[in-house]
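Same chain, two partners: chain A is paired with chain B first, then with chain C.
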Partner chain A sequence: MIASKLGYYSLLLGFAISSFLLFYSLNSFKKKKLSIGSNLVSVMSIQLFSVFLSFVSLIYCFLISDFSNETVYNNSHTTKPIFYKISGSWGNHEGSLLLWLLVLTLFIFLFVIFSKKQPIKYRFLTIFFQQLIITGFFLFLILTSNPFNLLLPVPKEGLGLNPILQDPALAIHPPILYLGYVGTSIIFSASLSSLVNKNVNSDWAKHVKKWTLLTWVFLTIGILLGSIWAYYELGWGGFWFWDPVENVSLIPWLCLTALLHTLTVLEKRNLLKSWTMILSIATFTFSMSGTFLVRSGILNSVHTFANDPERGIFILTFLFILVFLSVILFFSYQENDKNAQNQIHVFSRETSILVNNWFMMYFLSVVLIGTIYPIFIEVLINEKISIGPPFYNKLLIPFLIPFLIFMSIGPNFRWIKDNFKKINYLRIFLFIICLSLSYFIIKDTSLSILISTIFGGSAIYLFLTTVKDLFRKKLLIAQSISHFGFSLFILSILFNSIFSNEFSANMKIGEEFKYKNESIKFLNLKTFEKDNYKSLVANFEIVNSNSSVSMFPEVRIYNEPNILTSEADIITSVFADKFIVMNLIKGEEIFNVRYQTKPFMIWIWMSTILIALGGLVSLFKKKYE
Partner chain B sequence: MKIFKIFFFIFCFFYIFNITSHVQANQDVDKISKNLRCLICQGQSVYDSQSDFALTIKMLIKNKLQEGESEDEIYDYLKTLYGEWIVYDPEFNKKNLLLWVFPLILFIFGGLLIYKKVFINEHRK
Partner chain C sequence: MNKQIKFILIFSSLLFIFIIFFFGLNKSNIYTPNKVTNIEIPNFESRELFSNQKINAYELIQNSDYSLINIWASWCLPCRDEHPILINLQDKKKLNLIGINYKDKKKNSIKFLNELGNPYDTIIIDKNGLISVSLGAYGVPETYLVNRNYKILKRYVGPLNQENVIELFEIINENL
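The block that comes next holds the complex of A and B.
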């Protein structure tokens, strides 16, 4: 009870501070007296502290299972392990928005501390824009989604947390993801203020690139954690489902990746100013739209929490205001970069980065339209359509091929001007070797030969090029690591989808099935009673010509709320994962068993970590090319 | 001329891709059920789901396959029963035109922008 009150009042305090800061900065602009003294910094640290305190109070309410708090009542239960009581505090709409607010205030605080070398007006404007966003979210939280609503009489027991959310990877997935997803707000504020302050130049690019890298690394890792969770918890054996909520995290990622590349052009050549602005503004706009789509309940997805139209309307209005503001600022302040050194030569790094952006925007548009088109169709002509993997494969794969080829050539061009010699006979010869290699790998599979061979060939070619770059380009080590990670990623996905095998059958205890060169035997079933669930653990023996392993998939029957989940058992090795999952069919006798071998799964995760690692290296490297 | 070439290549890709994706059509329950939405679940395919609905659909696909029906016939049959909502692969028709064409238009437009930025400046010099 006390913790809820404390949390609520510190939330109000935070709101009061951000209103004050808005008022204060407007007033300072009027008087033209701009200074960021220690007073301002301490006011902002109090704001950060008040949001933090509010967040900690919510966690405390969850920890002691204080059911007088409505959010705790709706999402927790006394029998839950402590770890999930804590993570439950951000596993719901209200709590996750509080986390969102915490990230917003954290980033502006860090920004003020680490931007001391920047022009004062620019810093002031950034504080203003970020506080505008923060104020909006304070209002949203307090008016429509207060995490500290009190319940009377106090219920004895909570409703419990959805069991599929009770998982270690998913417990840390939201905070990490939010650091990237919400962190993009600082890029939004910084670019609007540099636009107004007219300091969109190389220095600014160098400064904002750090923030871009930081959010990009977190976003990448956040998406990875979500994927890993989906892989072993949802029991589907896949890692990406083109679920709308996955898509709305991928869209800002694509935008941010494009921005990261464009910023290097701005930094080196002082070019593409308007485009940089558009990308910076678009990234956070996509984050906000994603939140709107998910929280308004418009999208049909596994991630949707309890829906409330009022919330949707609030976010939509707020989003509209922000977009309107940025469009107006963009058109009133943008400078055309028309000077003598404005040339972009055909064979240059600049052009290859433009080509990168070109493809990134295409991929983005495919994911975007695939996500929102069903909504429009439903509203306009009242028909429901589904857009899933076949659509994305058809539109993405043909364009991935030229993208991979460009990616293996592009980074080798020098800035300003290079020559055509970069594409020589040796490269073409190597490419043909890759194609034939790919043909020999693919010819015995059921895939379409032509497109798969070209795709595989390009992927192998890119892989070889990035490996070479990794050892040769010491100066561009960050870029080389990320690009190498990406090529490894594409190659792993490709081999994974080609060589995955699966077997599924309904089995009873004692039954045995033969599948290709392996046999799967259902040995026994044990039942355990746990605090908050009943567990059925099966023992399977997988025997092939030279080895035999035991695997223990599990079915959990949770009591609060009463939900069944399947816990897959996965044996990971360097070359392939063995993945087994079972489901109850009728009673507790017959089980649907699905056994899969999934090659190179670990490399999909490792390569994503490499991609993010490249970003980290770049973040901490003092000097680069 | 360049634009036509780009057009040509894009459509070649699609053409090849569409033909080959039909040729490979392996008549298998798993493959078909992966492309179907489980109507009573949230964001799961028929293949992934163990709900009664999904199990019934899987049985139905199996029977239809044994009767010798093709993959496309099964999709059509299910579409008449449950509407287009059940298939994950949206049709290419008038209603969905924008869905399929919008990214391509954007791609061509982007290509033109880059062409203008890079080549026209080049000539001016």
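The block that comes next holds the complex of A and C.
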């Protein structure tokens, strides 16, 4: 009770401070103040602290299971393990927005501390734009989704958290993804501010690139964690389902990746200023739209939560105020760089980065259209449609092939102008070898030979090129790591989808089945009583010609809410995952058992980590390439 | 001049998107299911899974005192969990079991039923998930108890369990 009140009042305090900062920063900007005083920094630290306090109070309410708090009542239960009580505090609409706000204030605080070398006017205006966003979120939280609503009389027990959300990967997935989402806000504020101050130049690019990299790393890891969760917990044996909720995290990622590449051009050549601005504004818009689409429940998705039209209208209006504001600012302050076209040579790094941007924009459009098209159709002609994986596969894969080929050539162009005179026969020869290699791998599968062979060949070729770059380019090590990670990622996905196997049968204890060169034996079943669920653990033995392993899939019967979940047992090895999952059929005797072998799963995760690692290396590297 | 035209174009297309989203939100009661009890279930028509004949939901519901409409899919793991409970319900005479096969492939769903048994009296195909959306479903599995007058008496989000079944029969007996 006290914690809820404390949390609420510190939230109000934070709101008051941001309204003050909003006026103060604009005023200082107009009056051309010469320095950011330590007073301002301390006011901002108080703001950060008040949001932090509010967040901690919410966690505390969850920890002590204070059901007088409506959010706790709706999402927690006394028998839940402590770890999930804590993670439950951001596993719901209200708590996740509070977390969002915390990250927003944290970023602007860090920005003020780490931007001392930048022009004062630019810093003040960045604070202003960021506080505009923060104020909007404060209002949203306080008016429509207060996490500290009190309940009277106090209920004895909470409603519980969906057991499917009780997973370590999912507990840390939202905070990391939010760091990425929210990080785009600082890029947005910084871009608008530099646009107004007319200091979009190489120095600014160098400074804002750090923030972009940081955001990009978090976003990458956040998406990865969500994907890992889907693989281990949902138990469908896949890792990406083109669900709208997944798509809205991919869209800002694509945009941010394009921005990251464009910023290097701005940094090196002082070109593409307008395009950089557009990308920065777009990235933030897409992150915000992502929140809007997920939170308002406007999309037809299986895992949408929170559906209150009032909230949707608020976010939508707020989002478009920001978008309109940035469009107006863009058109009033945009500088014409007319001679830019002449400064870019056909065979140069700049061109190759532009081509990368075109591809990114194409992928982005496909995902974006696939995600929001159903809404448009429904509003305009009142017809409901639903778009699934075939749409994305058909539109993306053909364009992925030239992208892969280009990615193996582009990064080797020099800045300004490359002497692209003689044809490199060695490379063409290598490419043909890759094609034939890919043909031998693919010919025995049921895939369509032509497209798959070219796709596989390009992927292998890119892989070889990036491996070579990784060892040769010591200076561009960050870029080489990321590109190598990406090529590995594509290869792993390719092999994974070609060589996956599945076996499914109903089995009793003691039964044995033969499947290809393996046999699956159901040895025994044990029952355990846990705190908040009953657990049935089976023991299977998988025997093949030279080894045998034991696997222990589990069925959990949760108390509150009463839900059955299947915990797959997954044995990960370097080359393939063994994946076994079972379900109750009759009583506790007959089980439906599904056994899958999924090659290179671990490489999909590892390669994504490599992609992010490249970003991290670049972030901490002292000497710039 | 050129700049102004660009500005107007971008501004108006953004405005257009805003308007679409705004109306999309107001329509969202179709996409975001409301808590529905004691209201009429919308009528729908689709094909039967095995016979491929056209089926009208209202005609089906009229035929028996109570119908249990269950949304399922072969790819849905909780549906497998829930399946034995539905199998136990299949020989209860008062209850007409209607399955809605949500976003599924025919081959997979028939394989699923061959493996685990078929509790349903009728299975209606919901290839693109729109029937489930119009019913206001949160996801799969989901179950609705409906009476002869198309009124929804009870709704279960997520897999059914034994307690739900006991409750179901309490409701049916109460209303008799």
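Keep this in mind: the second predicted complex is superposed on the first by the 603 of 625 C-alpha atoms of A that agree within 3 Å, B and C clash if a C-alpha of one lies under 4 Å from a C-alpha of the other, contacts with A are read in each partner's own complex, and residues count from 1 in each chain.
FYI, contacts are C-beta pairs under 8 Å (C-beta built on N, C-alpha and C of every residue); 3 or more make two chains touch, one makes a residue touch a chain.
What you are looking at is a predicted structure, and each value in this text was computed from that prediction instead of being measured.
With chain A as the common reference for superposition, the partners chain B and chain C occupy clashing space. In the superposition on chain A, A:V581 makes contact with chain C only, not with chain B. Shared-chain residue A:G312: touches chain C; no touch with chain B. Shared-chain residue A:E589: touches no atom of chain B or chain C.
Contact with neither chain B nor chain C is seen for A:E512 once the two complexes are overlaid on the shared chain.
Applying the stated contact rule after C-alpha superposition, one finds that A:P389 touches chain B and leaves chain C untouched.
Of the two partner chains placed by superposition, chain B and chain C are both touched by A:S504. With both structures placed on the common chain, the touch criterion links A:E335 to neither chain B nor chain C. When the two structures are aligned on the shared chain, A:D531 is found in touch with neither chain B nor chain C.
When the two structures are aligned on the shared chain, A:E157 is found in touch with neither chain B nor chain C. Comparing the listed stretches 20-28, 56-64, 74-82 or 146-154 of chain C against chain B after superposition, the clashing one is 74-82.
Shared contact residues of chain A with chain B and chain C: 234-236, 300, 302, 304, 384-386, 388, 504, 583-585, 592. Those residues of chain A whose C-beta lies close enough to touch chain C in the complex are 234-236, 292, 296-300, 302-304, 307, 309, 312-313, 316, 320, 323-324, 327, 331, 334, 375-376, 378-380, 384-386, 388, 504-506, 555, 561-566, 581, 583-587, 592. Touching chain B in their complex are the following residues of chain A: 234-236, 241, 243-244, 300-302, 304, 342-346, 351, 354-355, 357-358, 361-362, 365-366, 369-370, 373, 377, 381, 383-391, 394-395, 397-399, 401, 446-451, 502, 504, 583-585, 592. Within the complex formed with chain A, the chain B residues making contact are 10, 13-14, 16-18, 20-21, 23-24, 26, 30, 34-35, 37, 42-45, 48, 50, 55, 83-90, 95-96, 98-100, 102-103, 106-107, 110-111, 114, 117-119, 121-122, 125. Every residue of chain C that touches chain A in the complex is listed here, in rising order: 3, 6-7, 10-11, 14, 18, 20-33, 75, 77-78, 80-84, 87, 103, 115-116, 128-130, 133-134, 138-140, 158-159, 161, 163.
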